[in-house]
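The structures come next, written out as structure tokens.
Shared between the two complexes below is subunit A, which has subunit B as its partner in the first and subunit C in the second.
And then the complex of A and B:
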């Protein structure tokens, strides 16, 4: 029995790989199904969008929807808005989260545990209940119709602080000690020695925040008076009017708006995995 | 996509809080209007010395109707020196949140476009201006009574009806013919419609229709939601039980889709030819025209078969003035202008919708069909406007009551709960809502 299985080993291994890959491909197609459907709908103008079974792969390709929706909405302006908002949001989040998390992870001071637990406790509050408070606060700062007003309520998140704290905990304390020996200030140790070591953690925050700000829809509409300042996700709602509805356009507009996210993810994917793994290990 | 339940309920809670604060402004308003009695009776009213800016909000009408509104506003500003109108447009999903946050911060808009359900909800909580104090009998009488009265509580009118539509029956001609039925001879009653649906289901495998499990199922069959003086629930009757158990067996048969299908899903089912009928307002056409061209080519519109009540239900958009508006007089005047017969006739022509003013309907646009599906549906729908009534006529706290009823229907039809027990529970809940509101 054992000798027989020995001689069949390569074959068995091959079969196992085939099954594994087959299952993985099925799962991947299943997960990507809605995306592929949207893609094929956007590429096939004039076809029944809701035909059953749904068309996962396009039978022909026509860029009419893209051309028309590009002419209908000024995408360059909305993309610029989105980039500004996402950029501001990412910078705020990375800076504030890492600067808050560093002392919580490294310094020894009274009440450190309390501060951290209080921060984590606020994660329970659902963000939608805070909307009116956020609105009143931003109005009081006279930031009503500005990008800063869009970004500030989400400029720092407890989750990011938590993530960075776990990452900092994974950095050996020797580094801080050696920095001190060489006479570097606390800030310099943080900025020049420790921060470069936690790039994976930062990459996770960048990726998560780019996605969050890119897809942010309700808050920008609530806080921005001028639709010309809307980010893409908010502006796309204009495609879904009371009397004007073109699903092909909505699909094409959505494809245009998610492409940058996919590109960002492809580039930061490696760091993302590392960062998540690092945070969990820590 | 169109309804956001949890967000909506959350916002309603907040509205109740706001309404508490708004109480003062509300009672002060009539005193205000006493000086400037019937401001909009003649447009010759002398303009005020200090310039006024009115903020006007619509739901999802930009950019398609930019030309219409810009013209209209320019015309209004010209005849009303000193008044500037700022037009803003928000998506359906965001307008209630936007309204809440703005009102909370003291920047209430002046004229807002809302659907009947939300208007009645806000009106019965005191967040809207009572328009009866400002309008002449002649102005109020310009609208179809059934539609105008849908947002009147205790003699107080909280909204002016705007564009509207009554439901018509859309039929997939191909499926109907495949089942051996004659589309030229459409069903006249709900029972006939059910028979047709059953035959289509047997012959073609497609279902008859999909529908949302909402409170209007009661009034269609002549079951009032509330009693005459709107003080208690009145829907817990043997007739209601019969209606629901009938619907439940239709769903089990597959004649009606066993699902709480909102408008977006109804579009998908009809476009995917999974159902043969669609019961909705004429705007439905816009949604299938581009997403399912070949189904569009196969669709015809006929008058909606009526239920036991013989009722025609309308589904209107309204224009309201929030109680916190800083310029109530000018706001009401502008609201009346937007919903006047002339403005509505013009809007109907660009938007292919129906007006809620009696004078508009005489226009040949609403009586002659040029043979397209749009024109067909429009004529069919407009002919029934004078008999139309909104299904939430004068129901206070409409949103709360609607969601209680909808939850009850879901429990029974989708989760198999007992009919009588569930109706008892919902009745108690609705009575609680009314007791709280008054």
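And then the complex of A and C:
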């Protein structure tokens, strides 16, 4: 039973379905329409998006834009850059968040309350100058123009720590006790017994971070002096600036950059949604 | 000493050390270092001097800063709209009918795509000869073409619309998680008493969603006051100063003009305002503020 269905009782079930589907479809056009339109622009070489009347639906399909923009822009290089940056970011975030969260979930230790309040405080006190200080810090470490410089400021997040803590709380305590009986060190217990049990939590962090690093464009532009090191999203702003009127190329380039992340999302949405929803409980 | 090394406290701190080190450098340090920085004229190029509160007095006389603060506050107007629309969307996708999961995913796609792509699409759609103008003229809603993003009377509202459009799916999912936690028998009981669908939403759904409304309101306020990407990509604050938001202005002063001292002072002022707004929302919500939506 749908939660809202009772009051529609006088209506036939069929009518209720029709109204609901109608609303769902209208909303889908509103949310998906712009992407489908971009897809249609990318498939029609030579089409001006500002022609009148505007081309909304594709009248023919041609992959020329994709072929040409792929030859013009070194996509393999930008994709490699993106993968390196996202990969580094994911490794840092998973390791640091799970190691920081583990004691907060299972150990009793002095200063636990202090660490908690510090973490919460960072979520309440925002820093509007963070990017400026990060820039100075990265320059001081001589990491400007490097992938590490792109990744380090976002290597750990309080959000991820709380997410992992929530996951660790769900691990039965006797796992740790049995490891101790066998004489395993705390680190081995963590690495070999506990971590394999929190794979869903790790999966959520991997997804969230892949998406965040994939879409990040501003910080890479600020910190990387060499455009050849740009990730895809940053390189795309460059393409837009260079060929503001070659609509087909830009549309195709944009489609190439958003498609991987949409595909990843569609295949992993169950984990992803759980992680988002878990944020409130944390 | 040896016993401490084997104690739980030592192990706990050893586990947390790397993460806390990173947090110290990239989260705590920016909050703290902004304060001394704001009292100087640090600019990389020239010699640095201590200038006392000069940056702050300058900030309050800086007309562009006042405008940017005002624009950021106007931006907060999207917060109640986001909550209403995304709660209605969540109720809609909470219907248990075949295919509803597909629609949930579809509404979420703008959230996972990059702002670079989203901004590009909307800048084309909203162009003078763009699809939006065409459709609005065809349906008789407007009589002539509007330059949505390049006219100072509409640009800010258009940016607010884009921010909202991209974020709706995210808030919808948060509210959906809340809806699914509401026990079904509460609705059964309401229905037995003859309550209408609207009444059930108002008296059962909304009160039980309160923690979610608080959370979503807080993060959307922070998002609105700190909005940057879409403004920077689409208008860079223009035309004139009509879409100059505080984050964009701070970025211009800091990382474009290398006025780090002044930018830090501006950042501190904005941080205090965001902090105050958050406290206000907490207070408000405790006094049954939910009804105000």
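FYI, the second predicted complex is superposed on the first by the 215 of 282 C-alpha atoms of A that agree within 3 Å, B and C clash if a C-alpha of one lies under 4 Å from a C-alpha of the other, contacts with A are read in each partner's own complex, and residues count from 1 in each chain.
Please note the rule applied: contacts are C-beta pairs under 8 Å (C-beta built on N, C-alpha and C of every residue); 3 or more make two chains touch, one makes a residue touch a chain.
Because the structure is predicted, anything quoted here is derived from the model rather than measured.
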Review point. Thinking of the overlay built on chain A, is A:189 touched by subunit B (first), by subunit C (second), by both, or by neither?
Key: neither
Taking the superposition on A as described, I'd like to know which of subunit B and subunit C A:246 touches: first, second, both or neither.
first
For A:105, select first, second, both or neither according to whether it touches subunit B, subunit C, the two together, or no partner. neither
Report task. Once the structures are superposed on A, label A:237 by its partner contacts, choosing first (subunit B), second (subunit C), both or neither. Result -> both
Counting residues of subunit A touched by each of subunit B and subunit C, the higher count belongs to C
Inquiry  = Quick one: is A:37 in contact with subunit B, with subunit C, with both, or with neither? Answer first, second, both or neither.
reply    = second
| request: Please work out whether A:206 is in contact with subunit B alone, subunit C alone, both, or neither, and reply first, second, both or neither. | output: neither
Name the contact category of A:49: first (subunit B only), second (subunit C only), both, or neither. both
- Message: Contacts for A:97 in the overlay, against subunit B (first) and subunit C (second): which applies, first, second, both or neither?
- Response: second
Next on the checklist: Touch test for A:161: subunit B only (first), subunit C only (second), both, or neither?
Outcome noted: second
Contacts of subunit A common to subunit B and subunit C in the A-superposed view 49-52, 128-129, 131-132, 135-136, 217-218, 222, 237, 240, 247
Listed in rising order, the residues of subunit A that touch subunit B in the complex are 46-52, 128-129, 131-132, 135-136, 139, 217-218, 221-222, 225, 227, 234, 237-238, 240-248
In their shared complex, subunit A is touched by residues of subunit B numbered 1, 7, 10, 14, 59-65, 88-94, 97-98, 100-101, 104-105, 107, 267-269, 271-274, 283, 286-287, 290-295, 317, 351-353
The subunit C residues in contact with subunit A across the complex are 8-9, 11-13, 15-16, 18-20, 22-23, 25-31, 33-34, 37, 89, 91-97, 100, 103-110, 112-118, 120-122, 124-125, 127-131, 134, 165, 168-170, 173-174, 176-179, 182, 184, 187-188, 190-191, 195-197, 200-201, 211-212, 215, 222, 226, 228-229, 232-233, 246-247, 250-251, 254-255, 260, 263-264, 266-268, 270-271, 274-275, 278
Given the complex, residues on subunit A that touch subunit C span 1-8, 17, 20-21, 23-24, 27-28, 30-32, 34-35, 37-38, 41, 49-54, 56, 92, 95-97, 99-100, 102-104, 107-112, 115, 118-119, 122, 124-137, 152-156, 158, 161, 186-187, 190, 211, 214-215, 217-218, 222, 233, 236-237, 240, 247, 250, 254, 257-258, 261-262, 265-266, 269, 273, 276-277, 279-280
